[in-house]
Structure formats: C-alpha cells, structure tokens
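Sharing a structure, written as structure tokens. Questions coming.
Letters A, B, C and D name the chains as they come in the text, with residue numbers starting at 1 for each one.
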Amino acid sequence: MTFEPETPNFAERVRESLSRQAFMTYLGATLAKVAPGYCEIRMPYRPELTQQHGFFHAGAMAAVIDSACGYAAFSLMPADASVVTVEYKMNLLAPGRGDTLVARGEVIRNGRTLKICRGEGFGVRNGAETRCVEMLSTIMMLANRQDR
Amino acid sequence: MTFEPETPNFAERVRESLSRQAFMTYLGATLAKVAPGYCEIRMPYRPELTQQHGFFHAGAMAAVIDSACGYAAFSLMPADASVVTVEYKMNLLAPGRGDTLVARGEVIRNGRTLKICRGEGFGVRNGAETRCVEMLSTIMMLANRQDR
Amino acid sequence: MTFEPETPNFAERVRESLSRQAFMTYLGATLAKVAPGYCEIRMPYRPELTQQHGFFHAGAMAAVIDSACGYAAFSLMPADASVVTVEYKMNLLAPGRGDTLVARGEVIRNGRTLKICRGEGFGVRNGAETRCVEMLSTIMMLANRQDR
Amino acid sequence: MTFEPETPNFAERVRESLSRQAFMTYLGATLAKVAPGYCEIRMPYRPELTQQHGFFHAGAMAAVIDSACGYAAFSLMPADASVVTVEYKMNLLAPGRGDTLVARGEVIRNGRTLKICRGEGFGVRNGAETRCVEMLSTIMMLANRQDR
C-alpha cells in the first residue's frame, strides 16, 4: 500500500521521536528506514539482549517491532499529534538467532484515529533473513498533543 | 486456581532459570514470588527503561510480564522440560508510571503441552498499584529438553 | 470496577441495539443481564451451533462473547454514540460443552474513545459452569453517530 | 511458502471434515479451494449474518476465517490427527460489505505440534475485493486422535 504523509518532514519527526526513547537507545536499536506508513529498525546482537539459550529475548524483539509499528503509524500523522500503542499480539515463529534483529512495521489500515499495523522480526545471519516474529497491532493517534 | 507442582523444587528451578536470562538482568528484573502456577517479577524504575514521556516503555513492561507468565507455566512443568512462549497479546491500560513495575503471571488453563496464562502489569507509586497492562498468553512445554 | 453510565436508559439502549443484530437472533443469543460496564448474553445449545465433535463451535462462542464485550462498552457511552469492535484475541480453554453458553463481558479500562474489555465464555451443564473461552478486546466509540 | 502434505488425500480430508461442522453449514460457508497449507472458504451474503448496519457480522466473518486457518493447518497433518484452534486475534479493518465474504487462511509456520496461521477476510462487491479482517492464529495438532 502507498500512503500520503500529512507532513513533509515525517522522516525527521520519526527519527527525532525515536531518539528520545531511552529504552530504544538502551537496546541499541536504530532507525534503518522510514517511508510513509513504513518503518524499519535494526538491533545488533549483544549478550545483554538474550534469553537462557543465547538467542534474542522475545521481549527485546517485541519492543523494537512494536516501535517499528508505532513509527510506521506516526509517519502518517499530522504535526501536532503524538502516538501510543493500544495493543499488540505477536507469535514467535522461530528462535531469534543472528547478528542483527531487523524489525519492520507497516500500516495496513490507515484510520484517522487508529492505525492497524503488521510487524515482523527477522534474525539476520550471514546476510540471510529468517522471520522469527509476526505481530499485529493497533496504534492510536493523540490529536493536539505534540510528541515533544 | 490451585495447582499441584510436578517437582518439589519448582521455586528453585524458576529462580535458577530466570537468573540465566541475561535480558532480565539487563532490565533489573528480579523474582519477587513464585507459587505453583503463579509468578511475580519486579522491575525498579530507571531512566534507561522509559519511552519519550519518561514512563516505563511498553516493551520493557511486556518483557517482564511475558516472563512472569512463562515462569508461572514453568513452575508446573516436570524436571526434564523447558519452556517457550508461543504468543501473547497485551493491552496498555494506562501509562507505566511509578518507582516499580510489578508483573504478575498466573496459569488459567494447565494443559499438558500448552499452558494459557493471564498476565498483569502494575505501576507502583507511594505503595499504591495502578494496573497498566493486561496480557493473555500461550506458553508451551518442550518435553525431554532440560532448560539448562 | 464500578462505572457511572452516561445515560439513564443504558440498559434499554443495549437491549434495543442487540435486538437489531440479525446474527445474534440467528444464533439464538439473548440478553441476560446488563449493568454499567457489564453485559451477559446466553445462547442455548442447538445442533446448528456445533463443530465436528458436537460442542459449541468456537466461532459461535466468539461471536456472542464479542457482543457481550461490545455491549458492556456500549452501556457506558453517551446517547449519540455507536459502537464498533476494533479487535479481539481469544484463547480456547476447554471444549464448549453444555446446554447453554454464557458469555460475560466487562470493561476493564474505560477510556473516552476506546474501552478495553475482558470477555469470558462458560459452558453450563447441570447448573455448573466451566470456563471455555477467555477474550481480551478493544472496543471503539463512534461519536455523533447514533446507533440506529 | 510451499509445503509438502503428509497425506496424498489432504484435500478430501479437509472437505470431509468441513462438511461435518454443522455451524459452517448453518452459516452457508463452503470450501472454495484447498492446497497444502492453504484454505479458502466462501460465505454468501444473507440477512441472517448481519449486524445492526446490515454488514456481515464480525462474529460470522471470524468464524469462517478461523475455519480457513484451521483447515490450512489440517491440510498439513497426518491421517491420524485432528485439529483444534488454540487461540486467534483479529483486527477489523473495514465493514464486512459485499455479496460474498471470502476467507483465506495460510500456514506461516509449520511446526510439528503447532501451526501458526495468517487469515484474511475480504468482502466482494461487483467482483472487487476489500480486505475487512486480518487474523493471526495458533492451531494445534492432536496426534493419534482421528478427526472422525
């Protein structure tokens, strides 16, 4: 799907908002790509992010995929709006294995107040991606409440 | 609901497994209570765990609530089993505000292979709890595959 | 939780709206109880409502539990609003066995635009209830759009 | 994704099992297509299947999409297995409008015991499809328990 952004500087706004999320910095997650209704975040492997078998912890993966969905939605919002996750559901499809976790979020329903998003998480090993998480989420726009 | 544990040392097993989850240590999450089919984890507030408005990040809360559910389920499993989250869904009910996040998980359906769990997250301020997350999750037992 | 309804005739409005849902009539589902933020619907057993083993079909149960959640939310809305389900997630805990399916929905977070609800389904046999479905759902108020 | 079925007569088994679901017959739902890991079910519009605005009721749509997912999973199971839905989550993306509801289910993770499925529902009007439901579900194989 292709969407029209409501602000010309949507990418700047996403980058700036993400930079203020201390938890994303703590996870080492960085913005890789943003387009209207789409966002990609990458998180390099670190031992601190693992569960008991040495793979990415589901919680760390969910956090960045939820953020990718939230910013995919935020990219379509007007300048005076902020964003909040209403809910999400995720299935683990495979262990989170690899040197990087790639999180991709895309808007599949662009409602005025609610944006429905699909998120995916991929473990990258030697350049090959394996999907390990599928997410379906509901993101809400808070109007007249600037994100700053 | 009350459940019979399959091992006498279920609490020891939960504590030991949690201690091997590097990500839980990274979040500062510690086991507060465990009973057959029940687990409580606490995570003190730190700026690294926040979103852009200074509250607990949904991702950090989800990670510990998911763990509370997983260990509630693990407490009912036999000694040679390990545990994996199949999926969860969570709703954010209120901002994650407070000096501590309390995560509670309980088994609501104790199937042999699958345990269905309910999880809740509470922000604690001045001793008063506010529920900020409701979770519903499916946890799987992997038989004959010791957790270590 | 106790809630203040926004209209004195909330029960009447729920009953009237439910009566216009042809699908609920087709399922034989009827309103059993309504209170502010709470709704109970009952569906008697009929062979047409079953899956291949003769139990209530998950789809039939989900439909009435979703409606119970939706009307629990609707009971808290003003007179000029209508209601729509945004999403739900449900877990099957046990087969839907019994002569009646009782669906209970309650609001657990009464936001202005979004109401978060918990739903449960119980199979009734010889007067004893067995919980067979647990649901967590998000219901939206459409303002200035009367339900009629 | 392409999958190898475990039985040569997988399509026959799906068709036969669906025909024993009284509730699917009651909804007027019929099998349109089955392939390994994929199933499509169609449900023609009837006034009995509607909510208060005359569109397909979410509950009726969910029931057939859940069945499409379940049979997508069942198509990959051995001859002595039966199938049960563990859980699903669905988002409503648009009103269920049209003369037919098309439900499509596909397996996105083919585990031995658990199959994770993606489901979609489309309203068809004048031959054009509008996606109105997105579903993500977990389906379980019950081994050594023939479906009959």
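Note that a residue touches a chain if its C-beta (ideal position, glycine included) is under 8 Å from a C-beta of that chain, and two chains touch if they have at least 3 such contacts.
Since the structure is predicted, the reported quantities are computational estimates derived from the model, not experimental observations.
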item: Equivalent interface to A-B, taken from A-C, A-D or C-D so that over half of the residue contact pairs match; value: C-D
item: Pair joined by more contacting C-beta pairs (B-D or B-C); value: B-C
item: Where chain C and chain D are represented by their mean Cα positions, the distance between them in whole Å; value: 23
item: Rounded Å distance, chain B centre to chain C centre (Cα mean); value: 29
item: Chain centre separation (chain B, chain D; CA means) in Å; value: 33
item: Of all residues in chain D, the ones touching two or more other chains; value: 86-87, 89, 91, 116, 136, 138
item: Contacting residues of chain A [partner chain B, same complex]; value: 17, 20-27, 47-52, 57-60, 62-64, 66-67, 84-92, 147
item: Chain B partner contacts - residues on chain C that touch it in the complex; value: 89, 91, 93-94, 108-109, 116, 118, 131, 134, 136, 138
item: Residues on chain A engaged by chain C in the complex (per definition of touch); value: 86-87, 89, 113-114, 116, 136, 138, 140
